[in-house]
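Dropping the structures in below, format is structure tokens.
Below are two complexes that have subunit A in common, paired first with subunit B and then with subunit C.
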Partner chain A sequence: MRFVDEFRDAELGRAVATEILGAVEPGRHYKLMEVCGGHTHSIYKYGVDDLLPENVELVHGPGCPVCVIPMGRVDDGIALARRPEVIFTCFGDMLRVPGSDGSLLEAKAAGADVRMVYSPLDALRIAKANPEREVVFFAIGFETTAPSTALTLKRARVEDVRNFSCMCNHVTIVPPLRALLDSPDLRLDGFIGPGHVSTVVGARPFAFIPADYGKPVVIAGFEPLDILHAIRMLLAQLADGRCAVENQYTRVVPWEGNRRALEAMAEVFELRPHFEWRGLGFISQSGLRLSDAYADLDAERRFDVPGVRVADPKACQCGEVLKGVIKPWECKVFGTACTPERPIGTCMVSSEGACAAYYNFGRFARGEREAV
Partner chain B sequence: MRSRGGPELAKAGARDAPSGRDQRSRGDREQRILAIIETARAKAPRFRDERVTMAHGAGGKATQSLIEGLFVPAFDSPALAALGDAGLLAVDGTELALTTDAFVVKPLRFPGGSIGELAVNGTVNDLAVAGARPLALSLSLILEEGLAADELRAEVEAIARAAQAAGVEVIAGDTKVVERGHADGMYVTTSGIGRRDPRSALSPGALRAGDRVLLSGAIGAHGTAIMLARGEFDLGAEIASDTRSLWPAADALLDAAGPALRCMRDATRGGVASVLNELARSSGVGLLVQEAAVPVQPPVAGACELLGIDPLYVANEGVLVAFAAPEAADDALRALRAVAGCEDAAEIGAVRAEPPGLVLVETSFGGRRVMDQLVGDPLPRIC
Partner chain C sequence: MTRGAPIADDLALACHSDHCITCGDEGVPMRVLAVDAGRSLALCARADDDRARDTIEIALVEPVAPGDRLLVHAGVALVRLEAEGAGAAPPTEDPA
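Up next is the complex of A and B:
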């Protein structure tokens, strides 16, 4: 594929990996967080961490949208899906996320009409094709997917589609980062900034990380070469004792955000006072709901949603794993109460979460370490 | 130390520079937890779900729990417990293979084939990769009330054509009709019987370190063609299913490698990745796959990229994976490439002693990762 393969070139990759090896100080340990789940996926898919020196460690951040949805919200979604008049629509990878009593996939097996869509517009299309049914779109994601939900709701309004509504679980990226950075035991040296989110919000919102917390940020693209390049740039900042927001993903990300997308979001959404994150607890002003102007399209106001709150078990230490304070296997519930089949925290939900990866491949990783 | 102080920090600082004893006990704890996980994973999978979900039909871990946790214990048959593509039995000294397969594809017709053609080739292929020459098929049809006669006729003709091409006869059959809404047009089940070929004793437990992994053609075409034919995505790619009989490929491999041919599998549900994981487990070996060596047609690669799906997990209906001893691998590959439809055959990796039960991929970017079994259907990612 042209314009993609260039960013997956093994030879260039090796060249950057060699530069990285030259840029690390021996004896110093580097912990870098890739904020976005898309980065985690690329790192995993291309084996990027395998190309890094031993003392550069990547910590998977809270930017996997399905992993941070708390169990109570999944339960609420399932309660909606079980209503006989409802066609419940959501993105594919949300289907398997466990609530306190099963996943949407299991609800579907028990008779709920749950359908996977690739875009909120598909959900709107389903609503128009089934005027006698109520179609609910379970919206998730950061600022990356929020504009498409906003535009879909605007279109539903213009076309007067009355049997369509949205259960909004959109979240914003800055508050969880601030929550991580505010904790006194943080052990991260720098951040690989989220490329997709930044195409919408721009690079500017991340300026608080160097300004307030003295940590470098490099916003990166999603191809393996992008990620290696961003790590190289972070190491250069650390070597020079600098900290700034740098943009590796200049082919897509501007300093200022996408004005039209932000305007659509501002019209359709408003901030919730607080929103719960799986494994991280409540974070204030971190979630979005539909604004009053769109209240009639809000599934939470249209239906009687139970509003369950299922507490994460107290023993869950996802927050500390995310901050890089402990390794997955040091968590009290790891491998016993919390497994990939019955995950408790965000790090175990996605197969690329730090805990799930360690659960599945830890033995291999340790064997390799010892072989070196 | 750059961050702010406090008792938390002191604790964390202590973690950074553990004393010799701390380091040892930390290592012990990690070792102990890895051992717990290992024990849990080594246990035979149990079927504990409350209901059947679509994941149980997707060929990954959930399917495995159904087969190994429910069916195999219930039927208590060594031939079944071998979990080959076909069950093996001997009748008065004649070695036979028996297999059965149900087809529920939607839509019934798709670029490159149809349900009838699939139903013949799928069963023929299960026999072929078990090292058995397909002899005869039975055919069972479940038809939905209201199915157009022309559609039925077209599928019956497709079955006849595919059977003739594969050199098998349909010698028995059954028909049921269910009410409208209770089947997607038609479901087709075929069972097949074949005579085991004496040239090699294939077994899923036969893989040895040093063996080579061969693939008979480009992967991912069937599953991608079906996804696009369902019309859920506005993608206009020209991708046709690869459905075909694999007996000619199996025959050529048996001829070229003989007893050095260890095992064959057709990479249907769950794709090549699932087959490799199954065999790494049943032989207790590690596999190392070179991603760059795996043939994928550009339109398939493009469609999978857009949908966020890895072609290694996508179903094929005309691709087999073969394992051959190193001294026979080159001849086997040459023989395979001479078979019509297998021109893209490639050596994609090798068997290693370590790590047992795991499949590793060297990515085309140069890093390595574990290629795990799927839990359920491959679901597209949002981000």
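Up next is the complex of A and C:
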């Protein structure tokens, strides 16, 4: 398939890996963060890290919205789902995310009408087909997903679908990156930037990373050759003493992003003053809510949402995993009490979460590749 | 309390596929089969499986025509894959 097959070519992959080997300075340790959970998944699915020299370490970033959603927001969603008049719709990733008193899937087992959708448009269709019920869409995701929510809310307004509303949990990518860069825990050499977020926001928003922090960024696609090529580009910048935003994913990512998507988001959303991130705490202006113009479609204003705050389980070290401070297998409960079947932490729930990627692809410790 | 769709269906689909929808930053290449320009919708098929079809929001990439290839995320086309400039090269002078 065009745009895919040519980026999975093993021979080319080995050639780029050889170039990477030639580009690293012996004795220097390189710590590169892949921001996006999709990259983490691809790295372990295709064994990209096995092609890298020992001194190139990949650190897994916070770019999985399911992994960073705080437990309190899950509890709020479940409270809405339990209302008898509500049909609660969400992406499949959210169903098994544990709240303090079970998951949405467990709420569904207990009788709540929770339905999985592939897009917010599906949720709108359910609303139109069930005019006597209130349909709530649990919106989650970075800037890749936010435009689809924005367009659906605009469509709901145009089509006058009054029994549809949205519980907005959309987040933006730049504030957590800045928080990570300000964190004393972490010393990174460069970033593999998120490919599809960048189709919406473009490459320009990442310019602060080289400008303010002196670190290179390469926006990358999701095939194994994309990731290897991005690592090669990062190492070239480091070798040359340069730092800039470069775009490896030029076949998809326009430098300026998608103007229409940004306009739709600007119309429908506004920044929350603060939003809580699992493991990272409250980050200013990092979350989106519906603007006043769309207040009537805001589930948090339409219904009485508890707005609870819940501390993460003590055994769970998702926060340190999300900041790249520890590897998943260093967590006390990884693969024992916390597995994809019975997750304690969000990083084990989502297939893009670092813990699930390590578990599913047999990475129980550094160097081990035993099958599960 | 009302009862929703069978749980087993959702269990089978939830997070056992290759990628999650939201967090995977997933983009699916699709081919346009038919366009409803008045409603900014298009019937599209997955580029790797012609039988996998869905109605896609095309407001962000209009105008599109049958045969065009789109990168789709969560039911919305984000970029036209073949469009001139969609895969624009970075500026020679980096803004950083």
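Following the convention adopted for this analysis, the second predicted complex is superposed on the first by the 309 of 372 C-alpha atoms of A that agree within 3 Å, B and C clash if a C-alpha of one lies under 4 Å from a C-alpha of the other, contacts with A are read in each partner's own complex, and residues count from 1 in each chain.
We take it that contacts are C-beta pairs under 8 Å (C-beta built on N, C-alpha and C of every residue); 3 or more make two chains touch, one makes a residue touch a chain.
Since the structure is predicted, the reported quantities are computational estimates derived from the model, not experimental observations.
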Which of subunit B and subunit C A:185 touches, first, second, both or neither: first
Subunit B versus subunit C as contact partner of A:294, first or second or both or neither: neither
Which of subunit B and subunit C A:362 touches, first, second, both or neither: first
Subunit B versus subunit C as contact partner of A:255, first or second or both or neither: second
Which of subunit B and subunit C A:46 touches, first, second, both or neither: first
Which of subunit B and subunit C A:14 touches, first, second, both or neither: first
First, second, both or neither for A:325, with subunit B first and subunit C second: first
Which of subunit B and subunit C A:349 touches, first, second, both or neither: second
Partner chain in contact with A:105 - subunit B first, subunit C second, else both or neither: both
Residues on subunit A lying within both footprints (that of subunit B and that of subunit C): 1, 4, 36-38, 41, 45, 63-66, 91-96, 105, 108-110, 116, 118, 140-142, 144-145, 196, 340, 351
In the complex, subunit C residues that touch subunit A: 1-5, 7, 10-11, 13-27, 29, 47-48, 54-55, 57, 59-60, 69, 71, 73-76, 78-79, 81, 85-91, 94-96
Residue ranges of subunit A touching subunit C (in the complex, touch as defined): 1-4, 36-38, 41, 45, 63-67, 82, 84, 87, 91-96, 105, 108-116, 118-122, 140-142, 144-145, 147-148, 151-152, 155, 194-197, 199-200, 203-204, 207, 209-211, 222, 243-247, 249-256, 258, 260-261, 264, 340, 349-353
Contacting residues of subunit A [partner subunit B, same complex]: 1, 4, 8-10, 13-14, 17, 36-38, 41, 44-51, 63-66, 91-96, 102, 105-106, 108-110, 116, 118, 140-142, 144-145, 184-187, 196, 214, 224-225, 325-327, 329-330, 334-336, 339-340, 351, 359-364, 366-367
In the complex with subunit A, residue positions of subunit B that touch it: 2-6, 8-9, 11-12, 15, 29-30, 33-34, 36-38, 40, 49-55, 232-233, 292, 298, 301-302, 305, 310, 354-355, 358, 360-370, 372, 375-376, 379-383
